[in-house]
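In what follows, subunit A forms one complex with subunit B and a second complex with subunit C.
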Partner chain A sequence: MLIEVLIVGVMVGAIYSLVTIGYSMVYGILKLMNFAHGDVYIFGALLCYTLLAQFHLNAILAVVLAAVAGGLLASLVEFIAYRRLRAAQHRMISMITALGAAYVIQNSSELKWGNQVQSFPSLFPADHIVIMGSQVSVTHIFTLIIAVVVIVAFNLFLKYHKAGKAILCVSEDIPTSSLMGIPINKTISVVYFLGGVFGVLGGVLYSASYNAISISMGFRGTIIAFTAAVIGGIGSMGGALIGGMILGLSENLISVYVSSSYKDPITFLILIGILLIRPTGILGRTEAGKV
Partner chain B sequence: MEKDAGSLIQNNSSKSAVVRRILITGICAAAILGLPLVVQNTYYIGIANFMIIYTILCMGLNLILGYTGLLSLGHAAFYGIGGYVTAILMTRHGFSFLPALLISGILAMIFGMILGIPTRKVRGDYFCLLTIAFGEIFRLVAQAWIPFTGGAMGIVAIPIPKIFNWVIRSEVDFYYLGLILVGFTWLSLTLLIGSRFGRAFVAIREDDLAASVMGINTPMYKILAFSIGSFYAGLAGSYLAVYQTTITPSSFRLEESCLMIIMVIVGGMGGMLAPISGVIIMTLATEAFRSLAEYRMLIIGVIMVVVLLFRPQGLFGTAAFKD
Partner chain C sequence: MLKVDGIYTQYGKIKVLNNVSFEISAGEIIALIGANGAGKSTFLKTVSGLIRPTQGRVTFMDRDIQGVAPEKIVSAGIAHVPEGRHVFARQTVQTNLEIGAFIRSDAAEIKKDIERYYDIFPILGERRNQPAGTLSGGEQQMLAIARGLMARPRLLLLDEPSMGLAPFLVNEIFRIVGQLHEQGIAIVLVEQNVKKALKITQRAYVMELGQILYHGKSSDLIEDDRVRKSYLGET
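And now, the complex of A and B:
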């Protein structure tokens, strides 16, 4: 029993890490709470659902299309609602436009797909394998592998690819990067695009492993990404991984051993606790305030 | 600050401005008081009653957002605390309305104080996140704790409120009850802003750091602003409970908090009466599109983006956002 719970927890944790990476990256660069993140991811996942269930597309093609659409939507939101405000007087302004953008996407998706829970088709065979005496679904294994591969690939991209290095530079210091000839606007668009892509991937994997999708998962996704990013240390890749894992595991342990209706309140309590005790997160750096 | 002080002095010095001000205030007051005599349709009075609720909420929120610059996205929770306290006291413990109203306000204030304490340590975005978390915990617990809060079905059959011999039953009765509450809110907040405390709030609004250098205990004032703002939210919630006669968790979602924030911003932060224009505009905007109820959040979202892109100081505001 415990091993199964732990394996599911690790899988959910890996998905959360995937969703968190994009979110944390955006925060690391712009110091902007992207409230629209979860709504972008649920938009992509719902699009994938339609492509699979109505158009019977090949699974890989559907996921890729949905992820690209999500990425484009995320960059569009950045372009419309955030870019003009980057130099704005106060960060709160872009936070509120972010919320506004989130509601626009959420409401538009609701008009298209309704607010009911729909059954998401499985992407993997419904087999089980036995690990250390407990049955583990193949879906969970595949999901875990995909999430880990994507996270590792993204880290390699950041370290070795030119565009990846540009992202790291911009997150260090925007004015200096711009002086060094890094195209800031383009890099930020890429960051949002990738954030959207990873978000949609995470959303699709999550919906596929639970066979369910609904619009309300969007806001929850934003909060999960927030919480995981804050727990691990916002802006840090390793932190996103740790935060996602902690949330995935704790959530599953709580819903099995306590009650699933207290799963979300306890997630929020963890968030409050972390904010009070160590607001910079486990791997985060403290920043000195400027006057 | 300078602008405010300047306009105050001007008003004091020139008599015609004072007369004009009194005249405008008088006409507005007469129009507001006489509204139910002119408008017979209870549907419109109902809309006015919701405007009253949001006015109380936004005046309190304005103290938090406009004066101390804390972005609270958990205001709906205090509103909800007020609603549930009144509902539980009146249905299960036989309280009459006035004590329930008072206790609702005070309990909301206590929770506001508790949530305000972390402002010492948790800043900016993180504080905003903290308020979201608080608001969501409140709503989720209200949904899950069925024996105490009635779960998603909420608490029904809240008794008709009675103040001395005045039985408040019709829409018009509630309209006047609401006006009394708005009057109380406005008066008490005006007195507060005019006092020593108020000047400290204005100083914090103008420059947090400079205020603390001048010896103002900024953390204490922020907690104070938070608890006072929450007190009014508790009153509004209590009013909502008796007005609707039912209370459900869905009235206190994050969207409500966002709506209040955007009302304050559209009206303009920092002024005493400016949020009212935001309340009126946003309520009318959402009412006008009532037939398109499913577009409600879409419209609110678009307004949020457009207003902040083009006029972040609001329509009638003096204070823009500052770091």
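And now, the complex of A and C:
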């Protein structure tokens, strides 16, 4: 039993990390709470659902198309709702347009897909394998592997690719990055695009492993990304991973061993507890005050 | 090479530069001196594109560059080493130098340049895998200069390179600036250390309250009563 719960917990944790990466990265660069993040990812996941259930597309093709669509939507939101406000004096202003963008995407998606829970097709065979005496679903294993591979690949990209390093530099210091010749607007578009792609991937993997999808998962996605990012240290890549893992594991352990109705309260108690000890999150840095 | 013609800039409603004109030829080294708040940094930022002038023209190698994005101005051949160093603190020394060469695509030459700067600044070579934020102020300044040079600029804008450094490091920085000039890079040097700046430059501009008060040969200005009184603390 425990093995199974842990594997599901780690799987959900890896999905949450995937969803959180994009959210945290955007915060790292623009110091903006991207309220539209969850709505973008649920839009992509719903699109994937339509491609699979109605158009019977090949699973890989459907996921790739949906992820790209989500990525494009995320960069479109940045272009329309945030870019022109980057110079605005108060971050509150772009926070309001972020909320606006979230509502527009959410309501448009609801218009198309309704607010019912729909059954999401499986992406993997419904087999089980036995690990240390526990039955573990193949779907969970595959989901975990995919999430981990994407996260590792992205971190290698950030660390070793020129464009990845440029993203890290932009997230540290935008004006100095522009002095190095890094195209700022293009880099920010790419960050939003990738954030959208990873979000949709996370959303699809989550829906596929629970065989369910509904519009309400979007808002929940934003909350999860926010909570995981804050627990791990907002703006930090490693923090997004740790935060996602803590949330995924605690949710599953609590659901099984306590009660699923205590899932959210206890999760937020953990958040409060961590913030009391480390106000900037586990891997968070204290922001140096700018003169 | 660079010609600035009657530029005005403002931050919000506060006017900073007021009809500033300036000229530097290829290979020349020029000091820009003046009190805090005179507008020297704003002037450099306007040249490198971080700030848009509200009026006036900036031409570099016969090309209008006012209002052009900073990332394009670097490609045109101007590198700006900002005041306060602004190294990428969380990235390694090596990554900082690589990012300095962002506009270049000649990987082999970039590698060679990095090794060259490790020779010139051995301490950077020793710390190549350390995050830049762990370096001392002087080391960060060397890194900031080397990072600016990685773009292989024709014109280097240096903003207060000796600020906050120990005296022996100040001498070291000035020695390096002199060497860069000998290599044929044109340099605009903004400095609080007026005496040293006038000694290694050919010409100098004196700024006050957003305007160029006067300019001339550095060797003349060092004897000029106005300069001696205001900036060299002599009577």
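By definition in this document, the second predicted complex is superposed on the first by the 278 of 291 C-alpha atoms of A that agree within 3 Å, B and C clash if a C-alpha of one lies under 4 Å from a C-alpha of the other, contacts with A are read in each partner's own complex, and residues count from 1 in each chain.
Please note the rule applied: a contact is a pair of C-beta atoms (placed from the backbone, for glycine too) under 8 Å apart; a residue touches a chain by one contact, two chains touch by 3 or more.
Computed from a predicted structure; not experimentally measured.
In the superposed model, A:Ile184 makes contact with subunit C only, not with subunit B. Counted by residues of subunit A touched, the larger count belongs to B, out of subunit B and subunit C. Residue contacts after overlaying the shared chain place A:Gly238 against neither subunit B nor subunit C. By the touch criterion defined above, A:Leu275 lies against subunit B but remains apart from subunit C after alignment on the C-alpha atoms of chain A.
Contacts of A:Lys162 after superposition: subunit C is touched, whereas subunit B is not reached. In the overlay built on the shared chain, the residue A:Asp173 is in contact with subunit C alone; subunit B does not reach it.
In the superposition on chain A, A:Val104 makes contact with subunit B only, not with subunit C.
Overlap of the subunit B and subunit C contact sets on subunit A: empty, with no shared residue. By the touch criterion given at the top, residues 48-50, 69-71, 74-75, 79-80, 82, 86, 88-91, 95, 98-100, 102-103, 147, 151 of subunit C touch subunit A in their complex.
The residues of subunit A lying in touch with subunit B in their complex are 31, 33, 80-81, 84-85, 88-97, 99-104, 106-108, 110-111, 219, 223, 226, 230, 259, 261-262, 264-265, 268-269, 271-272, 275-276, 279, 291.
Per the touch definition, subunit B reaches subunit A in the complex via residues 71, 73, 118, 121-126, 128-130, 132-134, 136-137, 140-141, 143-144, 209, 254-255, 258, 261-262, 265, 294-298, 300-305, 308-309, 312, 320-323.
Considering their complex, residues 162, 165-166, 168-169, 172-173, 175-184 of subunit A touch subunit C.
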